[in-house]
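There are two complexes below, and they share subunit A, which is joined by subunit B in the first and by subunit C in the second.
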Partner chain A sequence: MTIKTSNASDRPLVQVSQAVKTYGHTRALSGVELQVNAGEVLGLVGHNGAGKSTLMRLLSGLERLDNGTVDIGGMTTPGAFGFSGVRMAYQESSLAPELTVRDNIYLSSARWLPRWCWHKAAAESVVSRLGEIFPDHGIGPNEYVDDLPIADRQRVEIARATITDDLKLLILDEPTESLSGSAVDHLYNYVRKLKATGVAVILVSHRMREILSVSDRVAVMKDGAVVSIHRAGEVSERDLLLAMGGEVLVTEANATPFGPAIDGGRSVVVRVPMTTVSGEATEITAREGEVIGLAGIVGQGQEEVLDRIWHGKRGDIKVDATRAYVPGDRQRSGILPLWNVDRNLTISALSSLSRHGIRQFDAEELLVDKWVKKLNIRGGSRATITGLSGGNQQKVIAARAFASNARTILLDDPFRGVDVHTKAELYQLIREEAAKGRTIVWFSSENSEMQHCDRVYVLRAGRVAGVLHGTEITDNRIITMSFAESETNAA
Partner chain B sequence: MISMNPIRSRNAVPRGLVRRVFPGAITLVAMIVILIVCGTIQPRIWSQTGITLILSPIVAMVIASQAQMVMMSIGDIDLSIGFFVGMVTTIVATILPDTPTLGFLALGASVLGYTLMGALVQLREVPSLIATLGGSFIWLGLGLFALPVPGGSVPDWLSSYAFWTPPLSIPVSVITMLTATVITWFVMQRTGLGARFRSLGSNPYALIRSGGSVLRTRMLTYAIVGILGVLSGITLSAEIGGGDVNAAPGYTLSSIAAVILGGGVFTGGRAVAWGTLFGAVTLGLLTVLLTLLNLSSNLQPAVQGAIVIAVLAGRLVVERVVK
Partner chain C sequence: MMNFRNLTIPAWTWSFLAAFVVLILTFMVAGGGAKTLTLAFTIAPYLVLVGLGQMLVMSTGAGNIDVSVAKVFSLGGLVSIAVGEATGSWVLGLAAAMAAGFALSCVSLASIIFIRIPPIVATLATSLLASAVSLTLAQGFQGSADPVLKGFLGSAPMGVPAFALVVLLFTIFVQLMLGRTTWGAQTLAFGQARRASEYAGVSATKTLTIVYLTSGVLAALSGALRASFSAPNVELGNDYLLDSIAVVVIGGTLITGGRSEPAGIWGGALFFILLDGLLNLIGWDYAGQNILKGFFVLAVLFLASGVPIIHRRSASANPADLTLPEAADSTASGASFDVQASAERSTVT
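What follows is the complex of A and B.
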């Protein structure tokens, strides 16, 4: 750790150069160059997998680089508490729900509170900071976080990040996703106030208008690198979308009709009522033999749609067929770690394979052999599942769903982090199974995967932002649609 | 997604506090009811000797339950506390009277053993159930090695504490119980250490992102559980006047029941020292009640179990109504 005392005003506060970070097969950062000056608000935009969160984790000291350098205020390696003066308000809260607001503040800001008798000091600091940022808040310091509505948790999370004695850089990760109109204004007023005192703020958001109205400069990330940096006053939403890889034809994309599919011959097996971003009623439908994509920024309601289809009978969802679910790698909820590949593969198909409740081992074996061969699962049917690579584990989980007799297969971003070769095999499997009349509803965070679909619904804030058919399905159009904002929703 | 913030009075009792204190309060009511029933059947328990007589056998159990409560506050469960307490009684009854230094070193080493168990759980990602189950056999083995058959004698200072008659007719067992509870409550609710324990049980990321070490926090938790276990063992030796590794295997499951009765949760994050006190005393008083009712004490576990299930079911119903 080297601390230089020079504070030349021309030297940027944050200097990231040639930053490289890989996780397994995925190259999260591939040579990021970024500078942030003191007293500046830097907006950061980019689509799924562009590397925004990895870069923020790096700046807050939670990750180490594989290659390249970071320099924040003269500090080049994070200490036990990260880089000094850098605080981050996380999107998924870093509050402990079982603790009170006050105890959470103590946990995060203990270094700036008295060693003993910190209770009163912590309570006072959070009340005064909340009052400073959100004057109309009604949060008591002794309230338990799990009692707070989501917007209040976000308020506490933001206040938590700012309670420190030496704030130099504040990172706000999607701070306004769960805040309402006036709270958003209050937050940005506070950001401007911080800026005036010389604090640097990095604002990560999908809300282009907010980014443009608050930031001085906007950095665009794509494929693990900062591809361009713009002055906020000299750039439009459209330019930013273009830089992210979106298409310029914003108006055309919004105008894409929400019509039924072209082929009306086959029967509709899934029907989920939705609303469009502008508030009109629409539906997500899937016909027999179709591959339907759910796209957009991660966490905008895609998994809720899958969940609604999976639970079927609830409410006004219409689902005709039996269903199987392929979970993503993120949850790791799919495998039964103590069982071999064969048992893992047949678990969903057992009831259809057994006779009078007695298992038919020869039929099971046939099925396992077929799928192990078909998907080329390394290690064979007797291998322990945990000994397989992540890609092969995902193959087994996918095979399990397809080996069952379910007519509708739900895919919850199952190919994230899987190697290219395996992906190609699984894409082909999906097309083959659809050709046999199965319906596939597929959420993916990788836009390029979506071109294997017949129809793609792009979701934004739990609503349908647009529908793409066949050859219309391109990365550009998905990106453009993901950032659609209704007029009423604008900040 | 967008909700107007209802104006709440900042001085109102937070709902969350009510929800957390409520189960312990119900248990307190149950405890008082049982005491009154016992007192009605046998009025002689309303005296310093009477109270001492019925509470003394419960003191070690209260402290062991506090240990379990600390463990459950980080989301772990301790299946070894019963044999650990038993092993401590064997150390107290064999080494401590003659060579106090060695005795205290041995007790310190037991606490260290607990701490290492915490490191094992964290570093090797062994579930706490498995690690502590394994630990329980180690404690049993060490206890049998130290004292193969029940016996030995306790140090003089310990027996004189047990037979001490405090002023104002307060039974010594009540003093010990309250002291253990107040200290545990203070550590868990009023110190930063307690806040870190609870955050580990509630959301480990909160701990990590604030620069805390999950390993160190878990090891400290296990160390405190070990210290409380040692105190429970010393108390139990004073009560039985010697050592016996098999004196208290029942503490393991009863202590979990006591924590649950007191409002603890298996998922971690909650520390209910007072509720645990009431839970442990309630479970202990059931034995007294069954004896006074002339029912076989062999029925005791069955009655305890039925009461735990009834309390949990009742709590669920009430919580649903409150919400």
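What follows is the complex of A and C.
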């Protein structure tokens, strides 16, 4: 591979100005300003929903802007292959699992491989690139991707992104999340090497120490904008946390004791064994009538905890009560598209309403009327579910769970993309139902929602990073805890 | 085309309309009268029974299909006659056939649920298994149906086949089960959105188990009765694979799952049986008949999946009506008619 040294002029390689991107009512980017120079490593940090992913999708040409401009090496609109010279290694691997490593390389880099007899060329290029980045990798080009352990898949993903003839900008999205020890060092050595040849690298990571040790500058995103840019040498982890909206309470927050607190009187109905970030055994527990939050950066194990409680048969879990689940992905996991609001609402409650398996239509109707009225569902009980707005659909799906006789309700980040008014109604519903003795376990990617909880477990890499009680639950503390790195975890 | 949205005619009526059109054409072509209908109602119940099982399977969502019905049907026939002959009891014969259908469905289910083989492949494998057993059984097969059962299946007091009434009652039972029980609601919920229904508390394993077992048992039972009506044969069920899927689709059941139309199966079955008779009348050969049937299924699927001009997303109007002009066209082009030929095709010797 030859790496072209970038344009000799002083113009930055990447110039984003006034970038605005909205999805429905959600403003993902609200006027981003960013410059990346050739031969520079830019760290990018920010909490959930700060707009990092949207910005990276924009730079790799997957998204178009609603407003503003982006200019990468002279190109202002992405072509069929995105912006030329921009490659991205995705956190959730973009590899096709049923293909071999070699085939995946061809899929992604066909333009730089021979058109015929590409097998050997693709295999050679991936072996040599893997060898260059991770000298001790041991991955064969003919191995199937789904046979590889996750760390190796991540290595291939990174190598895949770099196999091109004209690399100008490499975006690494959480590249070290599944790598360990020496692999991390190898990767960053390679990043420094790329930098020396004039390639720009954007490193998105939650690992502050890595960001600070590798980057030249660090950009902090918050609420869809770049709020500050720091020279890596002149800034500390605490400064970055502050800029993201965290509190400088690292030590105090970590000192919060684990385990049950306050309300000792009511019985524990859910008990999930976990480990803390420092490797000690702990538990996520929920008492009758409690609202328990699972917070932290998205994808750090919160959904796995819900899944363990929902299936509730993996031996280690203790769940006393019947359960209902409110999924976040309405379209795929929520609505029953052929049915009206009424049947969508009653499906979970049917068996408890029926007599010997025979449906009791009058009882169903009463239940539907009660919930349609209570949650003010637009269109009423006979409306088609697909005709409702997202917020009203979500009301129906929440009502489905609460209308059942389940004692424990699991919420899987269900209020994403729901309007403020609906959210307020549903928060109130959650508190009311908890007051009636139901237990709520609630994963949310929006930290501010967690204030409605009695207790919040902040998860990091599948482990418990900390617990917050009552008034301790603030955006700032959750953010701070989300980034807590223990000695064992920091490679 | 716009007023389609406002139509509230149930989806199953279109298949009856199609059957009615073919009946009229048959009358026009060959004259005849109630006898044609009696014959159709004598033959239709076997297809309806298989179709009901197939409908339940297809209602559980895209990808769910039982392609083993044809071979299970044939095996059911052989088993029931063999056991009936050996024990002297036709009841035991039918029970044995149902047990065979049950056992074969268990094989399909094990592959679908535990090994996660796509249903079409799993039931195809079961189909081969059933076929192998049938061929073994058929070697030097001697046996004939119990005269009591045979008499019942052939009886039609006042032109109304008794067996058809029994199957009609069963159809109503299935309709009630789907509409008025928790099981029915859960099955249909599973069919329209598998993941959503599982989060709503519907068990995938239970749902799939019930529908595949029902399909296998009904196919074997239908085969057993059909063999008692005529004679057991390894080839007896062959037509029932395409036909069972076709009558389900033409009857208005969504191939993508979540909506069942048991009544429509009667319309579909009568349509097909009358169509067979009519095509025989006008001299179409077997291959031609199958091509036309296949075309009808594709036409219905094509229309049901939303041809742009119709633009129907809601489950209000069924597109089967649009196939009618084609049915009329193709059938009207024939020339030689003989009601006896129709009868020959319908009655099995």
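Assume the second predicted complex is superposed on the first by the 480 of 491 C-alpha atoms of A that agree within 3 Å, B and C clash if a C-alpha of one lies under 4 Å from a C-alpha of the other, contacts with A are read in each partner's own complex, and residues count from 1 in each chain.
Convention: a contact is a pair of C-beta atoms (placed from the backbone, for glycine too) under 8 Å apart; a residue touches a chain by one contact, two chains touch by 3 or more.
Source: prediction; values computed, not measured.
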item: Subunit C versus subunit B on the shared subunit A, clash or fit after superposition; value: clash
item: First (subunit B), second (subunit C), both or neither touched by A:I335; value: second
item: Which superposed partner A:L62 touches (first subunit B, second subunit C, both, neither); value: first
item: Which superposed partner A:F81 touches (first subunit B, second subunit C, both, neither); value: first
item: First, second, both or neither for A:L429, with subunit B first and subunit C second; value: neither
item: Per-residue contact with subunit A, leading partner among subunit C and subunit B; value: B
item: Touched partner set for A:D136, first subunit B, second subunit C, both or neither; value: first
item: Touching partner for A:R343 - first (subunit B), second (subunit C), both, neither; value: second
item: First, second, both or neither for A:D146, with subunit B first and subunit C second; value: first
item: Contacts of A:A461 with subunit B and subunit C, given as first, second, both or neither; value: first
item: Touching partner for A:A121 - first (subunit B), second (subunit C), both, neither; value: neither
item: Residue range of subunit B overlapping subunit C upon superposition on chain A, of 204-212, 222-230, 276-284 or 294-302; value: 294-302
item: Touching both subunit B and subunit C, residues of subunit A; value: none
item: Residue ranges of subunit C in contact with subunit A within the complex; value: 180-183, 185-186, 188-189, 192-193, 195-197, 199-202, 254, 258-259, 313-315
item: Subunit B residues within the subunit A interface of the complex; value: 1-8, 10-12, 14-17, 20, 190, 192, 195-196, 198-199, 201-203, 205-212, 268-270
item: Contact set on subunit A toward subunit B in their complex; value: 60, 62, 80-82, 88, 90, 94-100, 103-104, 106-110, 115, 118-119, 127, 136-140, 142-144, 146-147, 149-152, 178, 180-181, 461-462
item: Subunit A - residues contacting subunit C, complex; value: 324-327, 332-339, 343, 347-348, 350-351, 354, 357-359, 384, 386, 400, 404
